[in-house]
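Next, two complexes with chain A in common: one pairs it with chain B, the other with chain C.
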Partner chain A sequence: MKRHARLLALAASIALAAAACGGGGGGNKSNQTPQAGLKKGGVLRIGLASDVHQALDPGREYYTIGWEFLKCCLARTLLAFNFLGPNEKGNDLAPDLATGLPESSSDGLTWTFHIRPDVHYAPPLQNVTVTAQDFIRALMRVADSKVAASYPFYYSAIQGFDDFSAGKAKTISGLSAPDPATLQVRLANPVGYLPYVFTLSASSPVPPSPSDASAPLGVATGHDQNYGQFVVSSGPYMWKGADKIDFSKPADQQAGPPGFQAGKSYVLVRNPSWKASTDPLRKANIDEIDVTVGGTVADLTKKIEAGELDTMDALPAPEGIRDYATNPDLKPFIHSDPTFGTWYINMNTAMPPFDDIHVRKAMNWVVDKSGLLRLVGGSIQGPIATHAIPDSMVPSLKGYDPYSTPNHSGDAAKAKQEMAQSKYDTNHDGVCDASACKNVLMVIDQTDPQPKMSALIQQNIEQIGISVNMKQFQTTTMYTKCETATERVPTCPSEGWYADFADPYAFVTGLFSSVSLTPSCCDDSLMGATTAQLKEWKYSNTTPTPSIDDQLNACVPMLGAQREQCYANIDKALMENVVPWVPYRFANQVVITSKRVQNYHLDASTGWISLSQLALAGGA
Partner chain B sequence: MSRYLIRRFLFLLFVLWVVSILTFLIFVKLPPGNPAVRAAGRTQTPETIAAAKAALGLDKPVWVQYWRFAKGLIPWPGFFLNRQVYFSWSNFVPVRQQIVGRLPVTIVLAVGAGIIWLLMGIPIGVISAIKRRTLADRAGMLFALFGVSAPQFWLAYVLLFVFWYKLHLAPSSGIPIGMGVWSAVLHGRFILPWITLALTYSAFYVRILRSSMIETLDEDFVRTARAKGLSERRVIIRHALRVSITPVITLLGIDLGYLLGGAIIVENVFNLQGVGQFSIQALFTNDFPAVMGVTVLAALFIIVANLVVDVVYAFLDPRVRYT
Partner chain C sequence: MQVASEPTLTAPQGEPLDVAISGRVVSLSPRQLFWREFRQDWLALAGMVFIAVMIFLAVGAPLASRLLVHHGPNQIFINQTLDEFGLPKGPNRAFWFGADDAGRDLFVRVLYGARTSLVVAFFATGISVVIGVMVGLVAGFYRGRVDTVLSRFTDIVMSLPVLLLALGLVAGCGLSSRGCLGGTVKPGLLLVSYVIGLFNWPYISRLVRGEVLRLREKEFVEAARAAGASNFRIMSREILPNVFAPVLVFTTLIIPNNILFEAALSFLGIGVPPTTPSWGKMLSDAGSIFTVAWWMMVFPGLFLFATTLAFNLVGDGLRDALDPRARSRRMT
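Right, the complex of A and B next:
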């Protein structure tokens, strides 16, 4: 659920000071019209300032850019999207390895997928075709606790999934393959988001082991945490040299492909088994994708300008953004598109003074959101958020702004009116006078411009009597502290959250459901915490925190417009009845590319460049 | 001599043991948070955390945990950086494989830069010493001041900007995919990194050699050599420099040992995929097994370099005797 926000935070913040410089606006709304005469061929060169997260293991990888490599190139799934932006129907489900969208039984409990025929794996398994059993194998791997997959909870609704995961069953009873071309999924309870979880790379097919057909995890057997380099591709590309992997050897004796150098470089070349006729979604214009890891953002930016690289994972440094925003020659090569992400100030509903809803509402009134946007880089970084779920996911929420202030600059008078109702404002003058409001611990990201943004928030909330004790941490540490209930952090203003797929379930459940009150992630505001939990975590106030579990559960089986309305109502309940956040920005993805890059699109399903659609000027 | 070497070797083991204790405490016992939680992945249950704890040996007594970690430091097959403990949490490959793969880049960088800074530092230091208070001496000291003062990352960026981006006289940073280390050397990929390191390091050598040389030139044996009618060139090079250079050798040993553990700034700015870059990546991702591996390796390099330097002393300075 919180895919990649950490690295995005880092990447964004590196560039963000650009903010003031680049000014608001700007940013090419992508050259989204497909260009005629695109040529095939060429080598796309990508520089990554930060490496992928989980060595590109389809079951474990949890980073925007890692997902793009998997979804574009290596790991096709039963369903997918068109690999275009949210404004180009990039949220609409489409069949990929399935022949069509799944058929659902009338009770919503049985879903049937028909597998596309004649799809062959990459060498060395070029004679093996994709079958239904390969998807069952993939999901068994996701359920296997040794693998420590990143999002098994999405598949929990499948009958028997949790039992298999707990070691109580040898198979997942809800998965069956009546014939090689048919996969049947039986659910324990109906869930409207089910088709979406078959777009995630963890569900991509795992072929059988050529040396042991009975190996339950097929070629992934023995590669609990490093399957990424041994992935047998079903997509248009494969790791360079992957055709030489000897799967007949035991896993620990198999040599990884030379095209996969963990932490250093990754090289993708064409998969000779892939046929455009069996893959209507991917253009696969490029012959090879070379990825180098390392280097500074400033250096990578210069390399893109010099034509040595075609793109990178981070935003350029401030002067780079300024160049791109002001130089007419460069402006077409900076792209800004909406994603499924929101940046927000988190408030821990179990920690004073944020255990009082009036304080939380006062925070929403007083924060200068346009100031925060200016500091972060202006509107190129995305529009001001006036509620929690991004408009790109629930369009009907557009314009909903329960804490509307002039120019989104905050309204101290309204904030004081709200604060006056709080138990922490004993004389009801609109300024908190309780000791709980003094020296409130605020954990922030140390990466620029987050400290500047936090300083602005500090100034804003002093008007309602809240003073903070600001502690800066490296991005990952900051998230760890804010996500760990036992750290008892009252507020974190540097957090961002991105949904895993276009369904709002993926946005709200991990954040606001009590099932997400795990030891380390991700219900940072502690919604739905019980007295027993709060005691265990040593909170002074052990009154149960507000919960929207019932509303969340009610939305799960719904479909279509009813589903969207249900999540719109959840957003409103969050903003008006619970108020765990001050949302301040809906995240855009900003990317720069070299002049060679043509047909740029954002891939809404990953939030990064759609590699499957790109072409290079002149082709080879 | 042999007794001396044995004693130094035992001291080496002692220092490594101390380093291992400190590393164990810093990276295993002291960090906030539970390594098992980190290892259990994103989706955790008490059961998966317990399983990770068992897999990492964290459910064992401290001394067992220490031994599990420390045996990875014993240079013996199956022990040294063994994959059971020294397995990257970020890249999911053995740390030893990562270090071995990256070491050639670091060695070429360190040794190449070392040669350049000696070629720069020794002549300038000698000239500054024998031509005290002349223009040449002032220029040498100015050079030293610049080298000492210029931050490495700044110098690296300036060199890249001027010689690659503006003048196109040097290649850009990094080693292209598929290009080997030697090929990279031949293509000039190390020139700017070498110069960056050499400029900053040679400055120290100039200052140290100058002061050491000035002191030596006042010694009786130098006066005697001159009185015997030896040429000034022979006096300077064969007698004075040979003695004066011992602190330089000490420094060289420590510097090379340090750099072999990774030239963190230069490797990062020039995107050279060496041990230094690996260590910084590991730090940023809380990849403790990798950090431990690199730390211990760096300590080993420094200690061995010191030992080698001590031995070399005897050959350089006839006054040194080992007992």
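Right, the complex of A and C next:
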């Protein structure tokens, strides 16, 4: 999570042109065809405007699109979801390579997974079955610093994981395989989110090396940075030509499959070892998936309209969206579904004038959220966010709106009432008159439409006496500045956050816990900062900032409904007692497809098209 | 053949010029000669009028916007100007030029954009002229090592990839609110003007140097030197006034280049600050949606085109009017 969750969000937001994922809304399902009417076969053609980020290495890939290729097609995990949208029970855990959900000991410290029998790897290891040791191998790889895995922190709760990672131990003591079909996970402390981390591709099984059974990382040995093309698939597809990989050779002499041309093309063909009987989650209707990298969004859009491509990783330009959304012939082929993301205005609780909760509340009252939504492309991009955690993650929060204004357009009168209580409004007329409110640094993303949205925010908050000095930067620079405490940025209105999995832990901890303060990431609002830290970072106001660490820690071991309620309470505490954000949109994923694509669903676990469910008209 | 009306052709004070017209000799001052030529060039006159109007509109933009539409260039009208997909609406009674994709009134922004373009036109060009004239004057007058050093320096500046350097400088100095060079250069319109001005002076310098090399050998310079005039006096009083005409002509011709250069920088996203209306930036913004919002490209594009054309026409007119060879050609 933390920085990496942010990167995932960024990747999605950049590649998808305006926004990628996020939370609430319904979704256009008009082109869904009943499963019974679907035919198998055909070649799905995907155009990527931007390449995957970490060459589809299961331990390193941290990009929406890359995750989908792994989860759909190549790297099954012990647990997964149903590969449908949040509104289709896509948040519910389901066994994948496990025979059922894990059994937890009464103290919550030991979790036992039973491995599904008779699951074979793809050629050339078609005679090798998936065993418990393969998962231990995968997690050792995640912990291996040479691999530089993207999210090892999720597994830190496993006993001995950090010691292994630091080189203090030769094995991860908390992982054991009493028999080939049983994996036991012993935790250092109970964490309710543990099942979710076994849905992430980094935990997908790594088979043993055929030439060296003792190799600790199995076939991944020697492929610290390029394992993506050498992944031995456990899913319904494999790289074209992967069956010719000679794993008996040293890693540096192994030739990658011709179906994997990094930065150019990727071709997935059926894995002959895969059996539908051992995989109830994936339909795998399509015979082959051809992916080409390159081209502008406009070109890709035209190719989809012409039937030369079936979909792409990017969102069409606004006029394209309007065409699709208003033309009855095209409307069935634009899809908008909620994901686990929120877009928000971040306020640094240690920087004047946002070190005053009344100012932060006034900001929530005054911002025209419906205007911001329109600037980003309208309601197809997702519903207005009235609180922090997306409704798609904590459905009980739906309707919770502590700063309700008519049409979500902001209410200057209420904002002024709040501002009048601030120490920065010395004459209490509702308009900030302190110097702290003048020329406030606002760091924004230069990517369209963020500058336009920031201009609207600027206009909104002028009503309560806050004027801004707007500085725009390239997306990653903007995030770096906003998440680095020493930059002392008062407000960042272009931020978005997407959780890595459906559990709210993945949403809130990286954002609001003091463990996520600099040099970690991404407690941009500086919640939980101490006086010593603020002095070190040269803040003028060194009063400790609000903290919800205790509440966050209390939620971690909880399970089920109690867990959801705990996080719902955290959301309310954030919105009413701390107010680090002005959340304004739960982002939807918007995708266009060709007319031959059937059975479109969003995969909630990745935030992109569910490739394992798609079918093509006519099939083969 | 043009015939001057007699009553107005009285011999002026100073240094009259004899011109044979219809068999009669009439004395005209250089200024009269210039005006007589210039006013016959209706294209140049039209350009002059257009520039005057633009200056008037630019200076009066705040007043005009307040009186005509009652709002400023950055005011956003989401509900009135954008459809449900966030796409801008076209020209209508409330928004004469339509709206841009941020929901702002394009008419007011075009008006304010004139300010940006004209500031660059005059300020950036002014910097170029001052530096170029000084360098050219000194190099041409002193010749020898001074000329060699200054001319090579001029060559170096001319050989620099201007757009790339400008991109780097504007981006570099624009990254921090403190600007660069210890805060001397801060982000904004002035920074853009500095950058443009600092790269365009060599052309003027070369022109002036050539003129000075020619003029310094003339009799009136020799006479001044014989009379005991200092080098500074000779440069400032004898030579400089005589390079005024070619510099003026060249200046009017590089103004449109500078306007377009600013537009290019803004088009590339590193020109003026986001809230400062600029025709180049407006064109850049229009690029992605001009198929559904033609007005976003047409209006700023028209004004940019007309303004650069006007300066070019005036420049051509000045050159023709100030160049005796062109004059004689036209008279014959």
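Simple rule for what comes next: the second predicted complex is superposed on the first by the 585 of 620 C-alpha atoms of A that agree within 3 Å, B and C clash if a C-alpha of one lies under 4 Å from a C-alpha of the other, contacts with A are read in each partner's own complex, and residues count from 1 in each chain.
The criterion applied here is as follows: a residue touches a chain if its C-beta (ideal position, glycine included) is under 8 Å from a C-beta of that chain, and two chains touch if they have at least 3 such contacts.
From a predicted model like this one, the values you see are computed outputs, not experimental measurements.
K.L.:
Among the partners chain B and chain C, which is in contact with a greater number of residues of chain A?
P.N.:
Per-residue touch count on chain A favours B.
K.L.:
Could you tell me if A:A262 is touching chain B, chain C, both of them or neither one (first, second, both, neither)?
P.N.:
A:A262 contacts chain B only, not chain C.
K.L.:
Check whether A:K471 is in contact with chain B, with chain C, with both or with neither, and answer first, second, both or neither.
P.N.:
second
K.L.:
Look at A:V440 in the shared chain and tell me whether it touches chain B only, chain C only, both, or neither; answer first, second, both or neither.
P.N.:
neither
K.L.:
Return first, second, both or neither, reflecting whether A:D290 touches chain B, chain C, both chains, or no partner chain.
P.N.:
In the superposition, A:D290 contacts chain B only.
K.L.:
Look at A:K303 in the shared chain and tell me whether it touches chain B only, chain C only, both, or neither; answer first, second, both or neither.
P.N.:
Once the two structures are laid over each other on A, A:K303 reaches chain B alone.
K.L.:
Quick one: classify A:C566 as touching chain B (first), chain C (second), both or neither.
P.N.:
In the superposition, A:C566 touches no partner, neither chain B nor chain C.
K.L.:
Please write out, lowest number first, the residues of chain A touched by both chain B and chain C across the two complexes.
P.N.:
Shared contact residues on chain A (touching chain B in one complex, chain C in the other): none at all.
K.L.:
Going by the contact rule at the top, pick out the chain A residues touching chain C in the complex.
P.N.:
Those in contact with chain C are residues 317-319, 321-322, 325, 368, 370-371, 374-380, 441, 446, 448-449, 451-452, 455-456, 458-459, 469-473.
K.L.:
Which residues, counting only chain B, touch chain A once they are in their complex?
P.N.:
Checking each residue of chain B against chain A gives 33, 37, 39-49, 51-52, 88, 90-93, 98, 101-102, 157, 160-161, 165, 172-174, 177, 268-269, 271, 273, 277-278, 281, 284-286.
K.L.:
Residue numbers of chain C touching chain A in their complex, please.
P.N.:
74-76, 78-79, 82-87, 101-103, 175, 177, 269, 273-275, 288-289, 291-292
K.L.:
Write out the stretch or stretches of chain A touching chain B in their complex.
P.N.:
50-51, 53-55, 57, 60, 62, 145-146, 148-153, 166, 225-226, 228, 256, 261-265, 267, 290, 292-296, 298-299, 302-303, 306, 308, 474, 476, 480, 484, 518-521
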